[in-house]
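Each chain gets a letter, A, B, C and D, in the order it is written, and its residues are counted from 1.
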C-alpha cells in the first residue's frame, strides 16, 4: 500500500489537471493580485527636447504627414516598450507638421489633446472649425469627431499628443473611420466655439455639442498663463504644487475630457516644493523656464533637470518633488478623471 | 313634516358648519386652483430711466446710503403694490450710491445680483474681495455672504438689484445678520476670484467657495459683449431672441445662482423678432441702443419703445416680441433655474 | 422766504410723487423683507379625525364624486383662509370616495400624493395603471399624468391629498386638462410599475417614465412599516425623530417628487423626544397609535394629543417635540426637496 | 560618391537610432492602435459546472479556506492565461467554503460581487454586518471595506466571485490590508442594511455608507426572481434579452458598484432571441433552467448548451444570441458602468 501523497504534490497535480479547463488557483497569486499598495510596472522617463528634436526633423525627411497620416514619435515608457504607452492607460507622442502639409481627416473613439510645443501657424480642424496653434495652447479633439491638421505658415510646428489609446484598448471599445476627403470642410469661423462657451456664458438653447467633452476646442496659453500669474501674485502658494490650475469644461465644471485631466502650474523662482504622490501617473511638458524634479519609489530615486520643451512622466504612486531656481511653467495630463469616476483616486502629500 | 332641504342649501349649511374647523370645499375652487394655463396676477410694466432717475437723485438728497442701509427704489409690479415684488417670486430695485458713501455690511439668505446701469467707480465687496463697477457688469452676491458697497470715485452710480426676496419669503426660509463693522475687511486683491475661476480653469484643490453659486463675483461687460458680438457675426441669428447667451457658473456649467438665471442678448439693427412665452417672468434692463417690445396676453397688448437704462418686466406666460431698428443689447433675469429644478419650465415659440 | 422742509416731510413727498410710477422706498421695508429669521404667517393647526369625518360624510351626501370632480375638504391653515393652503407652498385635503363612484380623469402640472387614511378597495389610476388603496399606502400622481379614482368595493375610502398647488401658483406655471373620457383606459396590469422598479432593480432599457418623479406609483404600507420596525429593533433611536425614513425615488435615490418630500416615522412606546425646527413646514397624518406634539415659536406654544387619522401641520421654523406613551406611526410631507434644490434648507436640533 | 539611401532604409535607420531614447514611430502601428472596431484579445469560454465542481472539491481537500485566504478557482480567459482575467478588465472565480471554515478578514480597493451558486448557510460579513447566503443571492463587498466569510451550516457552499482586479491593476490604484483578527466583530444585526435601504426608503440623516457603492449588501434571489416573473407576465418581451433587469443602487439609481454592473434575466420557454453585441464583455452564471448561446465574431462562431450553475463569458463586441426551450434564468456582470462613465459604451442589436 502506498503512502498518501504530500499536500504540495496533490496541489500541483490539481493545478495540472484543471489547467486545460482554464482554471487557476487564486491562492498562488492572491498577494500579487491585491498588493498592499500600487505597484506599477512603469518607471519615470525623461525626453530632453534637444535630443528628441533631431529625430523629429529626420522623421520630417523620411515620411510626409499625409503618408504617415500622423507623423508622431511615440514617447514610450521604458518598461512598456512596444505597447505605445507612456503609462498603462495613456499614450503620449510628439507630432511634427511641416509647412504645406496636411494630416488627413479621420475620427475615432479615442479622445485626444494637443499641447503646442514649438512653432506657430499650423491648425487643427475639429468638426468643421479650425484653430490656429500657438505655443502653450491646449487643444482638444473630442471622441468621435472628425479632425485633421494642416500647416500654411513658415516653420515646423511640433506638439505633444496625449490620448487614451491604451485605456480604450483595455476596455475593448475603440472604433475608427477615415474621411473620404483629405481635409474636412470648414463650416464655422475660427473662434466660434470659444465665443460661444469661453466667456463664462453659454447659448440659451442647444445641447452640449460634444457630450461629456468640453465644447471649447482651444484654451489659449495667453489666457491660461494670465490666470496663473494673477494667482501667483494674489493667492497663497501651495507648498507642493506652487500655483496649479486644472482646465475646466465650462458647461459641466468638470474635466475637459471624460478620460483625461489637464493641468497648468507655475513654480515661482526659488521654489523648493515638497513631495506628493498620486494614483494617477502624469506626463509633463515644460512650457517655460527651468527646474528640477526628483521622483522616488521605495529605495529608488530619479532626478532630472529640465528646460523648455522637455517632457517627462511621473508614474502612479511615485513621489515627485519639484524645485526651480528661476521659475517655470509646466503643463501636465493624467487619467485622474477616471480615477475619480471609479472612486479610486488616492493622494498623499508628504511634509 | 318638513320637505327635505334642497342640495344647494345643504351644501351651504355644510360649508358654514365646517368653516370653524378650517375646512373648505375643494369643488367650489378647483378650477381656479388648477387653471388650464398660467394666470399670473402680474402685468407688464415699464420704467423709463428719464422718469425714474430724478426720484433716485431726490432719494440721494433725503437719505444717506448708510442711513438707508440700501438706498433703493423698488420696482413694484403694478398689481403687486406693497409686496416689494416685480414678479410673484422676484424683487427688483434701482440702487443709488453717491461718492463718499458706504452701504453697510450685512448678509442674508437671499441671493442678489447687481447689474450696473450708470456711473463707474463704486465697488461692492463680497467675502473680503472688492469689485469695481462699470456699466454693464453683472455682479453677484451669493446667499449668506457678507457684503457691503462703497463709492470712492466722482459721479453717482446706479445699478439694478435683482433678488429672490419674495421666493425666500414664500418658502419661509430667510435669515439675516448685520455686521458689527460698517465695511468688511478686504482680504483678497480685486480680481482674485475671477483669476481663479474666470478663465476656463479652476484651482486643483478646494471646494466651491459658495456652494451652488458661481465663484465669480463679477462678469465684466467688456467680455460678455465681445462674446455676443462674435456670435452675432458668426452664428445664425435666432428668430425670437437674436443672439442670446446665459451667464454660467463656471464650476457647474449651470446658472450663476440657484434661484436666478441671467441673460444677455443682442438684437441686430433691423431685427423684427417673433413672439415667445415662458413660464418664468423676466425683468429687462436696456444696456445699449433702442428697440420696441410688444407684450400680449389673451386680448390685451402692451407696447413700449425703450432706450438705454430703461427697465421693464414681462410676466409669466405673456408673449413678448422684440424689434429694433438700430440694434440694442438687453440684460435680463428670471427665476428659470427654479422652474427647471422643479420640472415646471414651459416655453412656447410662436411663428 | 420759507424754511426748508424737514427731512421726514421731504421723504413723504418723494414717496407720494414716485408712487404712480410703481416705485417704493426699500429702506422703509428692508427689515421686514430680510428678517433675522423666518417669520411665517402660518400657525400650527390640528384636525381631529372624529371631528372632520362627519363633515366628509355629509359631503358624501350633498355632492357626488363625479360632480365634484374631486370631493375634498381642504385643510386650510387658519392664517391662510381662502388660499387653499396648509403652508405657504403646500395644499392638503381629505378626499372621500364612496362605493360605485368615479372621480373623472384629468391631468395638471401640480404633483400629488395620496396617503390612505380609511377604508380599502378604492383605486387610483395613473397613466393606464391602477393601484388598489389600503390604509397607510403612499401613492403618487406625477406631474402632468392622467389620473382618475374609482371605488368598486364596500366602504367609504378617505385619503389625504398633498399637492404643490400654492407653489405652482406662486411660480405661475400651472397647466391643466380634462380627459374626454371619464376614466382612462387600463393598459397595464396592476403592480407592473412596482415590479419594474420596486425591487432594487430596474429595466435595462428605457428612460425614466415620469422624469424626476418616482416611477413607483404606490409604496405599500406593509413594506414601509416592516422597514421601520426592523430599524427600531436594530438601529439606534434618534432622540428627535425616533425611527424616521424618507421615501425614495428608486431611479435617482432622491425624493419621490421634485416638489414634495415624504416621510414615515415610528415613535416607540415611552418615547419623549427632543425639539427641532426646520425651514420646511410639514403636514402630519397619524397612521397608528397615539402621542402628543408640542409646537412652539418664540413665546407661543401649542400642544396637542393625537390618535389615529388625526392630522396637523407644523409650520416653518416652529419647534416640534414629540412624545408617545404607547408608541405611534406618523406619515408626513413637506417641501424639503425645494429647500434643498435652492440651497435654503436649514435645521436646528435642540438638546 | 554614394547614391542616397532609399527611404525604407532611412526609416529603419531612424528607428534604430531613436529606439534607445524610448521613441517609436506611430505610423508603423497606427492602424493597430485605432482599429476600425473593437478587437479584443479575449475569446468566449465555457465552464460546465459538472466539470468544474470536482476540482473545487479537490481544492477543498488540499487547502483550507484559512490557509488559502480565499479558496477560489479563477476562471481565466483562454487567451489571457496567467493574467487572472476573464475579460481584459474583470476577474471571475468560483469560491468554495466548507462547513466550519473561515476565510479571514481583509480589505482592498477592488470591489467584489458574490453570486451564490450552490449551497446555503455560509455568510459573508461586511463592515460588521453578516449576510447569510442562499442560491441566487447577489451580494456586494464595497471597495475598501473589511470582509470575511464563514460557514456554520452543513454542506459545501460555492459562489461566483466577480472583481475588478485587472482594472484596478491597469490603473495602478490598488491598496490592501489584512485584518489583525481573523473574523471581524459583528456590530449590526443581519438585515439591518437591507431594512434601511432596501424598501424604497432611506434614513433621513446620514451620508451614503459606502460612497458610490450600494448600501445594500445582499439582493435576495427571492425578490429579484419575483420581479422578473411579474414582468415576464405583464410587460412585453424583449426580442434580444427576454426579460432583463439591472440591479440598482437604491440611493443613486445607478449601478451597484462604480466598476461593475450586474443583471438578471429570464428567457421564457420557447424563447429564440435575436443577436446583439456590446463593447462591455460579460460573464454569465446560469441560475435555473437550460438554454443555448451562440457567440460569433466575424467568421467565427461558438455554440454552447448550458444548464444550472454553468458559467460562460461573452467578450466585447462579440454577438450573442440566446435561446431556451424550457426557459431559464441568467445572472451576468460586466464593466458597463465604466463604459458609460467614460462615454464609450456602444451597442448593436441585430434583427
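Here is the rule we go by: a contact is a pair of C-beta atoms (placed from the backbone, for glycine too) under 8 Å apart; a residue touches a chain by one contact, two chains touch by 3 or more.
A quick note: this is a predicted structure, and the numbers were derived from the prediction, not measured.
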Other chains in touch with both chain A and chain D: none
Centre-of-Cα separation between chain C and chain A, whole angstrom: 52
Between chain A and chain B, centroid-to-centroid distance (C-alpha), Å: 43
Cα-centroid distance, chain B relative to chain C, in whole angstrom: 29
Contacts with 2+ other chains: residues of chain B: none
Category of the chain touch graph - line, ring, star, complete, other: ring
Touching pairs - complete list by chain label: A-B, A-D, B-C, C-D
In the complex with chain C, residue positions of chain B that touch it: 7, 10-11, 14, 17-18, 21-27, 29-30, 33-40, 42, 45, 47, 51-52, 55, 58-59, 61-63, 67-78, 81-82, 84, 87-89, 91, 93, 106, 108-110, 143, 165, 167-177, 211-213, 258-259, 279-281, 315-317, 335, 338-339, 341-346
Residue ranges of chain A touching chain B (in the complex, touch as defined): 188-189, 191-192, 195-196, 198-205, 216, 219, 223-224, 226-227, 230-231, 233-235, 238, 241, 244-253, 263-264
